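Common to both upcoming complexes is chain A, partnered first by chain B, then by chain C.
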Partner chain A sequence: MQEEELRAVVIATLKTIAPEVEEGDLRPDRPLRNQVDLDSMDWLNFLIGLHEKLKVDIPEADYAKLVTLGDVLDYLKKKLA
Partner chain B sequence: MDRPTIIRKTAADLRVPPNLADYAAARAAFSWEAVQAELAGLPGGGLNIAYEAVERHAQGARRDNVAFRFLGANTSRDISYGELSRLTNRFANVLKSLGVGKGERLFILSGRIPELYVAVLGSFKNGTAVSPLFSAFGPEPIATRIKLGEGAVLVTTELLYERKVAKIRDQLPTLRHVLLVGEDGQATAVPDTFDLGKLMAEASDIFDIVPTQAEDLSLLHFTSGTTGTPKGAMHVHGAVATHWATGKYALDLHAEDIYWCTADPGWVTGTSYGIIAPLLHGVTSIVDEADFDAERWYRILAEQKVSVWYTAPTAIRMLMKAGAEIARKHSYPSLRFVASVGEPLNPEAVWWGKEVLGLPIHDNWWQTETGGIMIANTPAADIKPGSMGRPLPGIEAAIVKKDAEGKRPGVSEEANAREAGVMPELKVSLVDTADTEGELALKAGWPSMLRGYLHNEERYRKCFAGEWYLTGDLAKRDADGYFWFVGRADDVIKSAGHLIGPFEVESALMEHPAVAEAGVIGKPDEMVGEVVKAFVSLKKGFEASDALRMELLGHARKKLGAVVAPKEIDFLPSLPRTRSGKIMRRLLKARELGLPEGDTSTLEAG
Partner chain C sequence: MIEFKLPSLGADMDEGKLLEWKVSPGNTVKKGQVVAVVDTSKAAVDVEIWCEGTVFELLVAPGDTIPVGTVMATLLEAGESPLAPRAGRGVGGEGPGPAHPLRSPLPPAGEGVIAGRRRISPAARKHAEELGVDIETVVGTGPEGAVTLADVELAIAAKVRLPKTAATPDKSAEMRRAIAAAMSRSKREIPHYYLSEPVPIRRATEWLAKVNEGRPITSRLLMAVVQLKAVALALKKFPEMNGFFRDGAFQPAAAAHIGVAISLRQGGLIAPAIHDVGDKTPEQLMLDLTDLVKRARAGSLRSSEMSDPTITVTNLGEQGVAAVYGVIYPPQVALVGFGRIVEQPWVENGALTIMPVVTASLAADHRVSDGHRGALFLAELRDLLQQPENL
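Entry: the complex of A and B
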């Protein structure tokens, strides 16, 4: 999967939970949850959504590594490689 | 798995002598006067929470003891009682220099950063009342609360100000000053605001505490009702007697404890037990600035050597879901007592604690209005998993039923009574038969009881029937005196331990041009108790579609924030209403759950 395509999937998944998100406002190097209001349940649903769409296993032990949008993209890229 | 219905405690369960060893004897010997005598009081007379919580230790043997340890993403900052005293003096001087006085209201909107804690305690020193807001609130709940509370000052971060407050600032005429914390400790230069860091650096670290009295306003906590705007529950400095007594009995705090309350100070638990109670007992509190993460939480419990842990059912269920393997990467030899509050803790979660952490989890019960823990499972007492425990010393709890003639009056009846200048007085009778459902009531008069809802005397009076405060929770008491939560007596939604008023959510949805009517319910959820679910009908010319559903969801989230906005939205051709025009939320809920709708003509028309 191309990087752009992956990014589009991640943003689309985020938007099913937080439709108000404006992609252009997101800074990939900042904690995502400082930029988008996501409570614990939203965050969990976001990660579950990624797992379902991309068929990638995201074990709970890895959640702590996923802070910024950049972290999420890098993590998924490695998993999909 | 079949498990016993009771967890018996033995001497082996108690690693330190418990503060509440003999329940019956402690209750018999208890008096609030004796507790009040254990407080220091202000040297010149009066009572101030910050003096009891900070100064008493800063001027004594615990001066260098760590009061708070703030854990950032990869950082750790310790603040001793001595330093906390100086920082809060600086903050009090900042308020004084801005002309903010006693009795005025300061609002706080931030994550769990040191400035929040300093602002709360510094405000107490200045006699200024504090109203903490949850940082995940959207602009509307923020504006509603600051307006209702006539906030004079807001302390927030640059990021939150720009995202949530700047656009509503012109709706807040009472707000004279906004004090900003810059990102990563940097200076800020946002128009019409002050850089808090700069003001703090310029302020003196010596301050004479404003002589507050026990009945002076200390905290304003907003809570949600079924109808209308949120209610501002007023609490006073004298509440500190309850914080002291419950820190001792319900949390079993001992001076050498490392204590971790995971609640955010935006909710009452995070203030009463995340700030005040642990400081009163001179212990070290861990504050995690990050969001929930199972791996991180276990690491904090282990590495910080947490001995007393106060958390919430939703968090426990999320840990359970993450699996025991993550927990077993660490060991917890320092942990000796675990308590939980926010919603009933299911028996599986109580047992999970015993099996995974080596300690059962002790549920307890209280609410914004009670100001402190009222009913609890305590270290030396047997636990009946699923029960909230027994009333603490100093607290009389009962199950009551409203008497026929004292029934909450219907709208017209009440309007008549109001015209006649009298409120119909509510009458209740006690339910003495064990295991019988009724409303949970508390005998009025404990020190942290709310003193009123700001500007809403009528709603306050409706909370009382004679000497009984009515909690709005339905419960049962068993033959051993243990209380069991049954449900809410009203339509208020309880999600992840927080009360959400359906009216506030419905109002925000109604502001969307496509929405004709909205009804909001709590839909049962394994993880968080209930999730907010909305039903809407559309105005002529609008068609139900997934795109519109997403648009409404985004609209609600932008206005309300993630914690208040619905998680699910369904379209209906029209919503069921009573003859008087009120949306029948209970019917919506019954249909959602596939329950019998019952005789709808008997549903209350009030």
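Entry: the complex of A and C
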């Protein structure tokens, strides 16, 4: 999967949880949950959405690595490689 | 004949607009069945019926806005035959029935044929006079249809909301007003007291991590579920935190139907109930919570979820605050808050350690309980969270 394609999937998944999100406003280097108001239920649903669309397994122990949008994209890239 | 009235949908919802009927005359209904959908300032609510019977007559039309307590339909009990239909409506209007509905919610002036004398409490009459409300237009929900002070307040609230300026009602402004009314009432009527307790949460976080380790992401549990279950179990020993304060007295509830404060993305919040939390496994609670949050955000809830919460739990830790001191949602008598999990220095068995700690707080109604009992309740909650495997 191309990087742009992956990014589009991640943003689309995020929008199912937080429809008000504007992609252009997201800073890839800032904590995602501070930029988008996501509680732990939203966050879990976001990860479940990624799991279902991309068929990747995301152990809970890895949650700590997923802080920024950049982290999420890097993590998924490695998982899909 | 059973009169089915629009049930209370929580302290901040005093009226609703009928969107559609899910039943027709002649249908038999079971307790808990969804019979209508009513739109409120917060959500489209599936209204459940509280009894069994056969639908006889629907008295409210889709599109009508009606106050809580309005008779929406009449039903026949098992074995009851429709001998006395209301004149002019229904089939064969020649029976010995009353010429007019006995209790129409808002009888037009001059047409108020009401059986017997209306009972109006002196306080209600005085309050109505002070505020310029015509007492004859107020629907009574007290004993034998008596008009109580609460009914007058309801009527005033409905009246205040009347000037709906534009053709497109501003849902979020409406919700703001509804929350304002309920919270003002809470602060006016309920003498709150507040307590808080730092709860070491290492055992619970480690237990949760272990439980979730072997599970697919779709069946993992959240800390919120562990906290809800602990609150429900603590309530078993402290029934004075669980129930309603109504008509000057506390009515304890048999089960813990916990209202979960859910923030809505477009603003505002709603706190619908998860029923019987004390009897459910963490897995079942997780399914219930996921479903409830999803439906609350989509604006589709059931009337029992709106009217049944016996206590509310709020978790503002998600937004990063260390502690939350809540406003009780009347007629409930307590609210439990959880803050963010913070790592802090902690002394355990005489040694200094770094401990993840969550601040649990209690806002409770001093008419029903005292700080001493509140403190014991929080201590019980703290102790329960040290044995997560028993939850």
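By definition in this document, the second predicted complex is superposed on the first by the 81 of 81 C-alpha atoms of A that agree within 3 Å, B and C clash if a C-alpha of one lies under 4 Å from a C-alpha of the other, contacts with A are read in each partner's own complex, and residues count from 1 in each chain.
The rule is simple: a contact is a pair of C-beta atoms (placed from the backbone, for glycine too) under 8 Å apart; a residue touches a chain by one contact, two chains touch by 3 or more.
Remember, predicted model here, so these are calculated numbers, not experimental data.
**Q** So, on chain A, is it clash or fit between chain B and chain C?
**A** After superposition on chain A, chain B vs chain C: clash.
**Q** Considering only touches as defined above, state whether A:Pro19 meets chain B (first), chain C (second), both or neither.
**A** Once the two structures are laid over each other on A, A:Pro19 reaches both partners.
**Q** Of the two partner chains, chain B (first) and chain C (second), which one does A:Lys79 touch, if any: first, second, both, or neither?
**A** In the superposition, A:Lys79 touches no partner, neither chain B nor chain C.
**Q** Answer with first, second, both or neither: which of chain B and chain C does A:Met41 touch in the superposed model?
**A** It touches chain B and chain C both.
**Q** Between chain B (first) and chain C (second), which does A:Val67 come into contact with in this model arrangement: first, second, both, or neither?
**A** First partner only, chain B.
**Q** Among 55-63, 109-117 or 235-243, indicate the stretch of chain C whose C-alpha atoms run into chain B.
**A** Stretch flagged for C-alpha clashes with chain B: 235-243.
**Q** Which chain A residues contact chain B in one complex and chain C in the other?
**A** Residues 18-20, 37, 39-41, 44, 60-61, which sit in both footprints.
**Q** Which bits of chain A are touching chain B when the two form their complex?
**A** Answer in residue numbers: 15-16, 18-20, 33-34, 37-44, 60-61, 63-64, 67.
**Q** Would you pull the chain C residues touching chain A in the complex into a rising list?
**A** 209, 212-213, 216-218, 220, 222-224, 263, 265, 289-290, 293, 315, 318-319
**Q** Which residues of chain B touch chain A in the complex?
**A** Interface residues on chain B, with respect to chain A: 73, 136, 138, 159, 291-296, 314, 318, 321-323, 326, 496, 527-528, 531, 550-551, 553-555, 557-558, 561-563, 567.
**Q** Quick check: in the complex, which residue numbers of chain A touch chain C?
**A** Residues 18-20, 37, 39-41, 44-45, 47-48, 51, 57-61.
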